């Protein structure tokens, strides 16, 4: 406990930096994945391209990506922007699959009904499809959130000053307490982010509050997580991006 | 049209996310953005870097705190990695001051270097680093060298006292940071300076620069020889034997400040030189003992105490 | 493109595949190590996660608790856990064994959540009517599990394993910081030398390995898909939607359910 009490400032500084590094990728992933997910549902071919690219990007191991990015981007070697870009790439890779499936899962009947009533294409997207796809999108962004927060710590290997430092330094100096504190705070952060996202979901989708069916469905749909981004939808026969056959209009 | 309640919900959500993202983006905009390095002559923020091992962090803290006490604007980016990451960082302006080791620094620029004494190495460095618009200041008496280390038991059993004895000790496994596979005083050096048959030397790369993993590997006999730095508290605590280097394969390794020409001022020179004047090898050992030994003091505390002790703060 | 091509050339250079080369080479040794660590972790995780997942899926009990728990497991930073375990085991295990034990446990923790989820959602995706029919036929719970639920749920179960394996492959890359081998050692040596051939080459090898394994699992999933059940109506939706409703969910044969269903054609779904 001694170490912790003596180093509260350090802990706070690294935690804050960790949070800052995690927020931008999470938000960006959501924003970027929506159009990509929509694109993936347009044609069989576009789905293949989008999903495969996402899968391949996700398989790139994080450490070399952090190191290689400064050579591709106009960033300097130690800029934390490299970290943010890499995390966004992973986040988009995960989220695009989710977004594509979420939008595909909207009942075609409902969408047709909306057109029949007179919604324009944009109106249909924002006021019918998007809200209906909400729960699955939420599940996807929760996965992105957890994974991003965990990945930020790997950035310490390129000198990023975040909670990962607590693990690395703790190990270098044989200070177990420091490592434990690092892990606990990471877990705490992941939990807080998750609660915030769920709260945001309830705020934006009031129709899901208290609705057992919906929340169960939401929960069930979260489990596509066995689906990471690649296996993408582990739970579905639709299998991998490496297979060309899309199946649409399929509720998960 | 959107109902009022829905509008307000969306509004709140958008505001919240927007706020969070902006704060994050602003906050994470690179704090180490040292000014445009084309502005010669200093006056810009000094960003102090360090290697990814405690001793370097301590030295970085010493530099940073002393400079700050003398009115210089200082930021720190410690634990960056090996020279292969710190030199590019100096080159692109991410950092502009590093606590370096003269011999290894020269080796980075000139792998075939022949200078061995402190004076010779320092002299050769001036030109070597100038190509990158860097400057070296005074070197300290304090030295921290790579060393080939074995356990007392191994030394006694095989009669090892100097590196040359390793020639008769093969086959063995060497544990060291990855760079040792190619450094002039690493595996190639074993062969060229001491005639060790390196084909019989198995190399186990360990990422912690003579830190706890390397020590453990040596003590557990996973490796029989390890590269552990001479100021390591483990040498005393584990009763390890540092093999002698009569051929001077490993040159002087004095602590020396390496600074960007664009960032240096006379004030900075004076401050850093006064640190070099006071820093001894025993100081390094004691500092490391405080940070890595039982006390587990933070690098920053150990640095502050040392500076106060020497009247530099 | 330049560095990329250079890395490709490095990978295909025979000199880097010579047995007996100095670490981090030869490539094949690192590949084998990488696969070995992955395999060990996946097998152990499967031994824990699959039975547990089947139990939850079959009895429907403990679901909420397990979901919460695995959510927390996913949130554990693997690097942190790895270092923690290394330090703890380092006190009483030798340098040779501590990393293997610590790393294996970390990778198992990483692998369990996805496998668990795949297992119980696989079981939950089986039509309740089918299970009821099996029960009505006098099958014991155990028989139902082994002869009905698992075979029908296989694609999702395999999907869960697949996701786990991929995550582990990607994460084993950091095992070199624990003193282990694997393709990560090529990458970290590359970082140590600022040698982009090594860094990129190692990264490409890991990526290629992951994609190859993914393809194998994809085939497995296809193969285990039970004929007569469509892709179009598989999924947890079955256990939630009222059976008397849109009805189509129970007519596998007629919904023309092959993977080639064009988008939006199944208005009846």
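Residue numbering begins at 1 within each chain, and the chains themselves are lettered A, B and C in the order written.
Note that a contact is a pair of C-beta atoms (placed from the backbone, for glycine too) under 8 Å apart; a residue touches a chain by one contact, two chains touch by 3 or more.
This is a predicted model, so every value here is computed, not measured.
> What pattern do the touching chains form: line, ring, star, complete or other?
The chain contacts form a complete graph, every chain touching every other.
> Could you tell me which chain lies farthest from chain B when each chain's centre is the average position of its Cα atoms?
C
> What is the distance in Å between the mean C-alpha positions of chain A and chain B?
So the centre of chain A lies 36 Å away from the centre of chain B.
> When the C-alpha atoms of chain B and chain C are each averaged to a single point, how far apart are the two points in Å?
Roughly 40 Å separates the two chain centres.
> Find the geometric centre of each of chain A and chain C from their Cα atoms only, then give the gap between the two centres in Å, rounded to an integer.
18
> Can you list every residue of chain C that touches 2 or more other chains, as numbers and ranges?
177, 188, 191
> Can you pull out the residues of chain B that are in contact with at least two other chains?
81, 85, 88, 212
> Where in chain A do residues touch two or more other chains at once?
Correct list: 157, 168, 171, 174.
> Could you please specify the touching residues of chain B with respect to chain C in the complex?
Checking each residue of chain B against chain C gives 81-82, 84-85, 88, 177-179, 181-182, 187, 202-207, 212-213, 216-217, 219-220, 222.
> What does chain C use to touch chain A in their complex?
Touch residues, chain C against chain A: 3, 67, 71-72, 74-81, 83-84, 86-88, 113-118, 120-122, 124-125, 155-156, 158-160, 162-164, 166-167, 170, 173-174, 177, 184, 187-188, 190-191, 196, 199-200, 202-203, 206-207, 210-211, 214-215, 217-218, 221-222, 225, 231-237, 240, 259-267, 269.
> Spell out the part of chain A that touches chain B in their complex, as residue ranges.
That would be residues 3, 6-7, 10, 16-17, 19-24, 27, 76-81, 84, 156-159, 161, 165, 168-169, 171-175, 200, 203-204, 206 of chain A.
> Under the stated contact criterion, what part of chain C meets chain B in this complex?
For chain C paired with chain B, touching residues are 22-24, 90, 94-96, 176-177, 179, 185, 188-189, 191-194.
> For the complex, which residues does chain B have touching chain A?
The contact residues of chain B facing chain A are 9-10, 12-13, 16-17, 20-21, 23-25, 27-28, 30, 32, 52-54, 77-81, 85, 88-89, 92-95, 208, 211-212, 291-292, 296, 298.
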